[in-house]
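Read through the structures below before going on.
In the two complexes that follow, chain A is the common piece, with chain B as its partner first and chain C second.
For the complex of A and B:
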């Protein structure tokens, strides 16, 4: 079924070829400009002595990759308000399949492919520069970082989608959580004060996807516990799923 | 216990209220007034396997809400629903494989690609075997005459063609119950008849239980014998089409066309509704014989033509709604 979903969305995207290709190019370009600006800033002000540019880019691009993957595959949750407003959520509920799987399948945004590829390139190239010697453990850690970054943003999307059961209309406020989280998470946590750092450890566990694991990658620490950091995201995912499921009970549907 | 059994079903919606001006809109940001609407108010009914039941009522009566609860989309506030032993909301995943649903105003087809692609997605969602899928699809293509436009993107289909594809999509997995929420809305006469004949056919051949809502009384007359009428969330009538006719259709209209009328004969229980130079329209109750009227009129004039009209279902439902203050 997942394969069918992937192919059907590709067919839809290819119905409008020119628009599809232009969107990919535009989005990749905007991301490129952003990373260019970060790099320029870093050279100008040499933000932190302990962070070199490669660590910064690694931390930054892991977040970007996770976010772009979420935008690509978890679009159904990101745009959940639409699904409710035009009544299509009703149609998902009358199918004998897992509701989460179906929401994932309801929209797959191939236009994010450019960003995903560009971010992957940055992740790999900066990873090679950050670690002095590549080991299997470090590669596993990198994969865990990317996965947990993806899971984190998808969880934020799910949590925000759950609000739609109450409000029906999507809330602009929610963008603070999705885009805001991404923007804040891009930079090393060292530049923020303690309060923000605590929020991003406990409330939205973002430090677990880049800040702590990078300490291990660049040999600042040898503590193997740092390897398990990304797994903390699972707890966040579980909470989102539970909140969403209890939301379905309060679903009011729209239209006739 | 019957196949579908609904007992004391309730659903209340909380609707925010506010005035229309900008001031009120601003005020509602801080303080909201709510109104509670009993969309479904203590409704009970039973339906047997293989029945075709029309579920009707004016707009906003609670038809769609009931259907949504029967499909497992909405959770009832109180009351029980049992369909073939399932509780639709709690056993959703197991239950919905047995039902097909057509919402006249929502499309389950993908807008930008041919209907056949949507069918194949549904095939894997419902885990239909290749053999069953091919047989069912062949059948549906023949019965609904889909062949010509199966490969055309849905956005380029006419409404009638699209609706036929929608119905096919909801039947690919051979459901035992079919819910049709206004299936003929906006269709032309030919498509309507096609859709109706098809519904009759699958009901007869596969013993599919059909529950339909419609505002089109000719749909109902063509398809069902049993009516459930609701209004303001309450059940008002549950019984045969004949029953509702004999209860509310107690008048007939007789139109007589003639060359020249000397005087209007005096007939008991008849009323002149319209009259002009060579035509008269009478309303009589069902007990007055038409031949008696013709007899009396033929003495006063030379009759050229006589037409008798019975109340059609639209008139009856109109009277019913009026009687019940809907």
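For the complex of A and C:
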């Protein structure tokens, strides 16, 4: 069923080839410019002597890769307001399949493919430079980092979608949550003051997907506990799923 | 003047979208706070000579308050639709200059959106605790020059915006091209980073292009990052660019409309 969802949405996307390719290019460019802004700031403030450039790249590209993967595969939650407004959510509810799987399948945004590829390239190339010697454990940790970054942003999307049960309409304000998290997470956590760092450890556990794991990758620490960091995201996912489920319980259709 | 009364009419109808404005205010305010966090973090390590901390924070808040006015990516559905569905044929029959008509339309939409949004953000930002707040203008003269260049900036952005609309007529795949053009324009307008924070080469490139005249110039005049003489020169430059852009836009529109084939009916 998952494969069917994937192929159907790909066919839709390829229906308008030139437009599809141009959109991919545009999306990738806008991501490139945001990354460029981060680098330019570090360059302008001559902080690149303090911060290792490869660690910097690894830390924001993990964020971007997870974010773009979420945008691509969790589009259904990102645009959840539309599902509710046009009543298609009722349709999903009466089908005898898992509701989450159906929302995931309701839209897959292949336009983000360029971002995913570019971010993957950055992740891999900076990973090789950050770790002096590659070990299986470190590769596993990298995969865990990417997965947890994906799960984190999908969880944020799910939380935001849960809001739509209350508001019915999609709120522009909610974009701050997703885009704001991404923007702040692009910078290495230790440039911020304590308050923000605590928010990003406890409220939205961003530090667990890049900051702490990178400490292990660059041999700052050998504590194996750091390997488990990305798993902390699972707790965040569980919370957002519970919130969403309770949203469904109180859901009244918009009717028609 | 018929164009002025059209401006007033459109302005009044666009002032109806109040709930959208409320969401816009919240977004802009949070986004400003977020940027203040980031820049504060950077300035706590070192400072740079091209712009100081207070000027930059003021820049951020002005940028958020007048975001609707300087926004380049604005996409007018009616203009696109009139080309696609062919209603442009009727528009061409009417006794007015279509270019000015559309220009006024974009302008009034911008003014209405800005009028609904800017005041709450300015007021809240002024009263924020000390280092994170919007400062008062550096002098009365700077404030007057700021107002003039802000107004001229809105004329520049609408002229650019209209050209972007016309360019998409040639390609028909509006989404991609429109977005690519705008991304580059936004970089050189100081949307991604204020111009003084860009790498030196890009600062030089931006000097030769009109994009920095939209928002970057007025905000820096306000905070005293640009001195009076340079401000006056730049305002002159704004006027020249407005004339140039209007002429280019007019020519492109003529060309674009020649291509339009009105299909029977």
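Keep this in mind: the second predicted complex is superposed on the first by the 252 of 256 C-alpha atoms of A that agree within 3 Å, B and C clash if a C-alpha of one lies under 4 Å from a C-alpha of the other, contacts with A are read in each partner's own complex, and residues count from 1 in each chain.
The criterion applied here is as follows: a contact is a pair of C-beta atoms (placed from the backbone, for glycine too) under 8 Å apart; a residue touches a chain by one contact, two chains touch by 3 or more.
Model, not experiment: these values are computed from the prediction.
When the two complexes are overlaid on their common chain A, residue A:184 makes contact with chain C while staying clear of chain B.
In the superposed model, A:29 lies in contact with chain C only, and not with chain B.
By the touch criterion defined above, A:210 lies against neither chain B nor chain C after alignment on the C-alpha atoms of chain A.
Of the two partner chains placed by superposition, A:59 touches none, neither chain B nor chain C.
Applying the stated contact rule after C-alpha superposition, one finds that A:68 touches neither chain B nor chain C. By the document's definition of touching, of the two partners only chain B reaches A:98; chain C does not. After superposition on the shared chain, chain A has more residues touched by C, the comparison being chain B against chain C.
When both complexes are overlaid on chain A, the residue A:249 reaches chain B alone and has no touch with chain C.
Shared contact residues on chain A (touching chain B in one structure, chain C in the other): 16. Across the complex, chain C is touched by residues 16, 18-19, 21-23, 25-27, 29-30, 33-34, 36-37, 40-41, 43-47, 50, 171-173, 175-176, 180, 183-184, 187, 191-193, 196 of chain A.
Across the interface of their complex, chain A is touched by residues 20, 23-24, 26-27, 30-31, 34, 37-38, 40-42, 44-46, 48, 173, 175-177, 179-180, 183-184, 186-187, 192-193, 197-199 of chain C. Against chain B, the residues of chain A that register as touching in their complex are 1, 4-5, 8, 11-12, 15-16, 86-88, 90-91, 93-98, 102, 249, 251-253, 255-256.
Looking at the complex, you find that chain B touches chain A at residues 13, 59, 63-64, 68, 71-75, 92-97, 99, 101, 103, 105-106, 108, 110, 112-113, 117-118, 120-121, 124-126, 153, 181-182.
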